[in-house]
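Below is one structure; the comments refer to it alone.
Order as written gives the chain letters A, B, C, D and E; numbering starts at 1 within each chain.
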Amino acid sequence: MTGDALRVVGVAKRFGALTALRDVNLHVAKGEVLGLIGDNGAGKSTLMKIICGFHRPDAGQIVVDGTEVVLRSVDHARSLGIDTVYQDLALVNELSVYHNMFLNRELVRWPLLNNRAMRRRAEEHLRDMGVNLPDVTVEVAKLSGGQRQAIAVARSVYSDARILLLDEPLAAMGAKEGTLILDLIRDLKERGEVSIIIIAHNYAQVLDVCDRVNLLQHGEITFDKRATDTSLEELTELVVAEYRTSRNRRRHA
Amino acid sequence: MTGDALRVVGVAKRFGALTALRDVNLHVAKGEVLGLIGDNGAGKSTLMKIICGFHRPDAGQIVVDGTEVVLRSVDHARSLGIDTVYQDLALVNELSVYHNMFLNRELVRWPLLNNRAMRRRAEEHLRDMGVNLPDVTVEVAKLSGGQRQAIAVARSVYSDARILLLDEPLAAMGAKEGTLILDLIRDLKERGEVSIIIIAHNYAQVLDVCDRVNLLQHGEITFDKRATDTSLEELTELVVAEYRTSRNRRRHA
Amino acid sequence: MADPAVAEVRAGRRGPALTAGRRVLDGFLRRREASVLLVALGLMIYFRWASPVFLTRNNLVNIAQATAPVAIVAVGIVLLLVSGEIDLSVGIVAALAPFLLHFAIDFYGQPVLVGLLLALLISAGIGLVNGLIVTKLKVPSFVTTLGTFFAVQGILLITSHAYPVPIPEPAKGTWQTWLGAGPWASITWAIVIVAIFHVILTRTRWGLHTISVGGNPVGATEAGIRASRIKIGNFMVTSTLGGLVGIMEAFRINTIDPNIGGGTTLTFYAISAAVIGGTALAGGSGTIVGAFLGALVLAELQNGFNLIGYSANTIYLILGLAILVSMIANQYLSRLRRAGGT
Amino acid sequence: MADPAVAEVRAGRRGPALTAGRRVLDGFLRRREASVLLVALGLMIYFRWASPVFLTRNNLVNIAQATAPVAIVAVGIVLLLVSGEIDLSVGIVAALAPFLLHFAIDFYGQPVLVGLLLALLISAGIGLVNGLIVTKLKVPSFVTTLGTFFAVQGILLITSHAYPVPIPEPAKGTWQTWLGAGPWASITWAIVIVAIFHVILTRTRWGLHTISVGGNPVGATEAGIRASRIKIGNFMVTSTLGGLVGIMEAFRINTIDPNIGGGTTLTFYAISAAVIGGTALAGGSGTIVGAFLGALVLAELQNGFNLIGYSANTIYLILGLAILVSMIANQYLSRLRRAGGT
Amino acid sequence: SPQQDDEPTGGAGNFPETPKWKFTFVNHVTTNPFFTPTQYGMEDAATLLGIEKPQWTGSQNSIVAEMVNATNTAISAKVDGIAIAVVDQNAFRGPVDQALDAGIPVVSYNADGARADTGTNRLAYIGQGLYESGYALGQRALQQVESGEVVGFIATPGALNIQPRIDGAQQAIKDSGKAVTFTAVATNADVTRGLSIIDAYAQGHQNLAGMLAVDAGSTSSVGQTVKKYDMRAKSLKVAGGFDLIPETLTGIQEGSLDYTIDQQPYLQGFLPVVYLYLYKLSGGLMAPSETNTGLLFVTKENVAPYQSTKTRYQGSATDQVLVPRSGPIPHG
């Protein structure tokens, strides 16, 4: 396992009375794309937020490149090369598109911001993702749902992160834009230097782009297979089976 | 066309210098489910917000049950039986799950809220949608993305609306929960009293549940076919074709 | 509770042998107001230890009388803050209202009740003006109410000639006693008003919509809530309560003084009480009972240190440090509460 | 501009024959500060019409001197409001700083420059304390700075014996002239400070992060922005500017008075200037140039009506109404601007 | 200059026709009830002399900078005369010199710099020093107190209209050499909170020998507290303060308060107008003269007329009335 870019060992997280994660073990090799699936409220986003330093785990370890790290902050995780697309996007409505796209990683011509360079690069990125925007100087508050998500995705995908955490990056994307973003992810994967965890509810997309698929259930990883060894049907069945038994349990309770 | 529950005639909407909708014409028959697709930023949500009384159109008419109406407010649209699931969900983070689910349609035992009844009904609804929640008394700020969306969907789907506008209601839903919500929509459809417009980027789901599909492009409806007359491939091709020509145009510019 | 697994976890954590006492304690600690209440109790213990007269009847009356006006105004302030607005003019409305009463009774010969209603009606009218300007003309409430603050102050000073007058004869006696002069009168009013508005904020549509309008203004409008109506209403409630407090205070101090409320002082204390009680300045969340306790904490601090007898200059230092210490303790307690609770 | 269709629409709307003048006007109107500037100009025209001396050199000096202190404090207040906090203590820091200068020079024989730096350093220290309590101990800034307000007031009154002292001899002459007594000294400082911080807020990472922290606190943290550092920094800037203003005002009025800043009055005016200029109390958005113009509007109103000769009681009524009218006009203008602009 | 532009009007009384001169009063607490009679005095003098009603401006909360701004504005407006309450020894030197340079006569009223230094080059001072009146407050209390604890209440410590009074009272007690301890205690700008604070202090200090106050609100609150706890029956030997608001007079009459000091604020408004008028009228030949408006102790003996008649001269009414009196005038 020494080749793993990231390992999560025995991670647990409670919110007050609610146990979101019980004992999560997970690993991603260098250059690997891991798909993480699970029901709504299964704890996927919570796990991402632990790996990126936003939440502290109640127990367990994060191992980056074979070294255990205790993440003090998101900034700290970033300095280790971990970058995240959050499900809530983490955009600042009051700022322009290009400022959001470079948030906390601004291009600077000291002491001032290099707005021109950021604007140019932002336009390029959005074009590559096939996203139409009125203007990159517009405030993100005025954008459509998909446009907003595109900005959040671009922010991380075009960073030089070594470990990318993508929490439902395609949820609001159109068919065309979604395809282009998947292409981008495939590009990154081909270069073989970035490890990616991607959360998605669209299993077709997951199978399309991932090397391996994990299922998070009851606060644990209960399923771990290579994408080539499983199928859309199996994944769907897995989730629905769980639903059927829980429904039965409820009926009998 | 007298059978139409809702008709939109020549609607246009500008935001400052940006023309979001140019000339939209659209109709939904009673009991019909209309799928509305289009690129990110095409203006789908803007159109919904005009139909539900949140935005005023710059031009054009809204005709409900054959009568032209000028919607003064969301409240006014609601009184005509129009209810909406917004893409941004319109949840109040500070309120509990069940209060959000009955927002502005609270159950009251005058002068007080009937919290117990709301709680019970909220639990029922969520169970029917297969959504796991720690507790319906929890604040929605603490919920996962899918749980939040489920609340917004439940709010409208279980209202007695006659015209339902669903703006990407499944974007954050898990495979299981998504299926169950589609079932619910099908139930409504079968009862034949509710007209539904549903926006989605997952064309498989669109074809699965809709009677008819419209494509919104450049501020106009450019495609209108019965779901049985079209296919996943055709819809995808439509969008990607548009993308290819625009990319070529840019190359040659 | 949709998921049995989750339910199980919750039950498991609390343990099976949950005694009744423990459950009451738990229920108490889960309330948002718990931490301020503990601070208020802590101060009580400290001051009782520092000065034996702190808990005598007379001094409790004094604390009650200092708590009541701030608490009543804070009720309105909480409603406004929760709905995302603020009112700086309420203190000056408090100064104007007793003069209105005096004009109605002494100059126009109206009966006390009519004078009272008129004074409250005009107070409500000022709130209505505030609300209309804020919601219809979209002027931020801070400057709107700054404007009405000055305007009402002008009216007050012009009509009163900046000079105090005695309580109108017909209002003396029963009216005066019940509406402020009686030792427990003002606190009783405060408790009743706090109770009523606590129910309104937490158990009625009005309250829910107030929270919604402040918590997610766009979302609330999307849900069809009429934000303007809610805000205007809350402005009117605040001004009316301000007027009531002014009249009560005039009755208590037995003189109608243009300086009742001290310009913005009363408003300031009321906002402080609200914030101490746990209301967010940014809107969307607040508790009226908390604001009452906040007012109590402020009154205790002021009373306690004066009882001990700090001199003019020193007391500010002590008071400032005490506010900081109490609030740090408050914050610490409520973090404990959250960690343990839901 | 990703979509050529959209670009087309934009160009089409503006028309091909866009003259240079029109473009400059457009550029001006698109700025957020445009509407307050128009209000300030409108008032200037009105008062010039009402009193021919309004625009004489002497009176412009008066207006400048009344604008400067409020504008400088408002710079800090804007930074804090934008980052989602508030500081009530800055006015009392303004009162303390000149005394610190006096102590350093007259009691400890320090040179003026050292005294000045010491005074500003201690002011910054008060800001640091505010910032630490707010960010590390999570006490809301309203009550934290209320606490430091009282505490600093106590220290001020104890050390100064609540009595004014003259400007230290060594500081008279050049220092005093450049730092406040010169007719245009304070406004020059104000303009320089406003310019610098305008650039900081709009063109540096610090400014961007200030906006982020106030606009979306959770999102900013998710993006790895260290909210505490930003907030603490802004508290320190505010207190330091408060200290500087206090010293400048002392130099200008030629006396070190414990009531410089009038307790919360200066703070209050600064917040008003910020809000009038277009800063949201709720955080995330604000303009420093706007706050400067807001301070100018307030100074014009105060000066103009005094010049016309209104007396105290009446002036409040007039001032209140004028604030309301100006702000309604302001709102109306900025709605026009938004409808026409981007 | 605007005087010449103005159309001269019919002169008042025996005076020749003069322009409608406009004077400005710069005050430190413009809305304080203490100065309500001052404003009446200033108005009445102006009416008497057929000139414009003077402007009443300055600061509401004794902020010197605002007073300086108001003074400078008056100079810019080229008013015909200025009266300033010089509450700060240093702040007004420059503005007063400027006014004099501009040919505007300036007098001070109510406050005149510090004891040793008037602080400005004003032509004359009309009033009675704040510090001196505070000193008198203390001295009078010492007639009834030999030893023990005396407290002095002050609404806003550091505020220039009242801080000198409490400093004076403290000095008087110190100068007496008696075994009396004096504590200054802050009340509040809000009178209602002030009452609560005085109440609390009284409860914490049951064996007070004296209770003094230096502002109108605190004085009436002292009276109410003394009455509420029947402190005269305990160790309290003296209670006194300032100003003549109704509740204070009630306190005097009921015996809860021993005395209150009347600083004759009406004269502080009336006389400056007359002096400035005469200065203008005589082309500067009649220089304003220093006038001590004195102070008057109102006690149980002489409180009756204050209570029975509401007059403009005390501020308690707006109407112009003739107050009849008869009998011998008390004297020493």
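The rule is short, and it goes like this: a contact is a pair of C-beta atoms (placed from the backbone, for glycine too) under 8 Å apart; a residue touches a chain by one contact, two chains touch by 3 or more.
The structure displayed is predicted, hence computed values, not measured ones.
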Any chain that touches chain C and chain A: B, D
Per Cα centroids, the chain farthest from chain D: B
Which of A-D and C-E has more C-beta pairs touching across its chains: C-E
Chain A and chain D: spacing of chain centres that average the CA atoms, whole Å: 42
Centre distance in Å when chain D and chain E are each reduced to the mean of their C-alpha atoms: 35
Whole-Å gap separating chain C and chain D, where each centre is the average of the chain's CA atoms: 30
Two or more partner chains touched - positions in chain C: 3, 6, 10, 153, 157, 162, 312-313, 315-316, 342
Chain E: positions in contact with at least two other chains: 31, 60, 157
Per-residue overlap in chain A, given as positions that touch at least 2 other chains: 17-18, 41, 88, 127, 131-134, 250
Complex contacts: residues of chain D adjacent to chain A: 1-3, 6, 10, 199, 203-205, 208-209, 211-212, 215-216, 218-226, 284-285, 342
Residues of chain D defined as touching chain E within the complex: 51, 53, 56, 58-59, 61-62, 65-66, 69, 156-157, 160, 162-164, 166-167, 249, 252-255, 257-263, 265, 302-303, 306-307, 309-313, 315
Chain D contact footprint on chain E (complex, rising order): 22, 24, 27, 30-31, 39, 53, 55-66, 68-70, 72-79, 88-91, 93-94, 157-160, 163, 167
Chain D partner contacts - residues on chain C that touch it in the complex: 84, 86, 133, 137-140, 142-144, 146-155, 157-158, 162, 264, 268, 271-272, 275-276, 280-283, 312-321, 323-324, 327-328, 330-332, 335
Chain A to chain D touching residues, read off their complex: 52, 54, 73-75, 77-78, 84, 86, 88-95, 99, 103-104, 106, 108, 111-113, 115, 123, 126-127, 131-136, 138
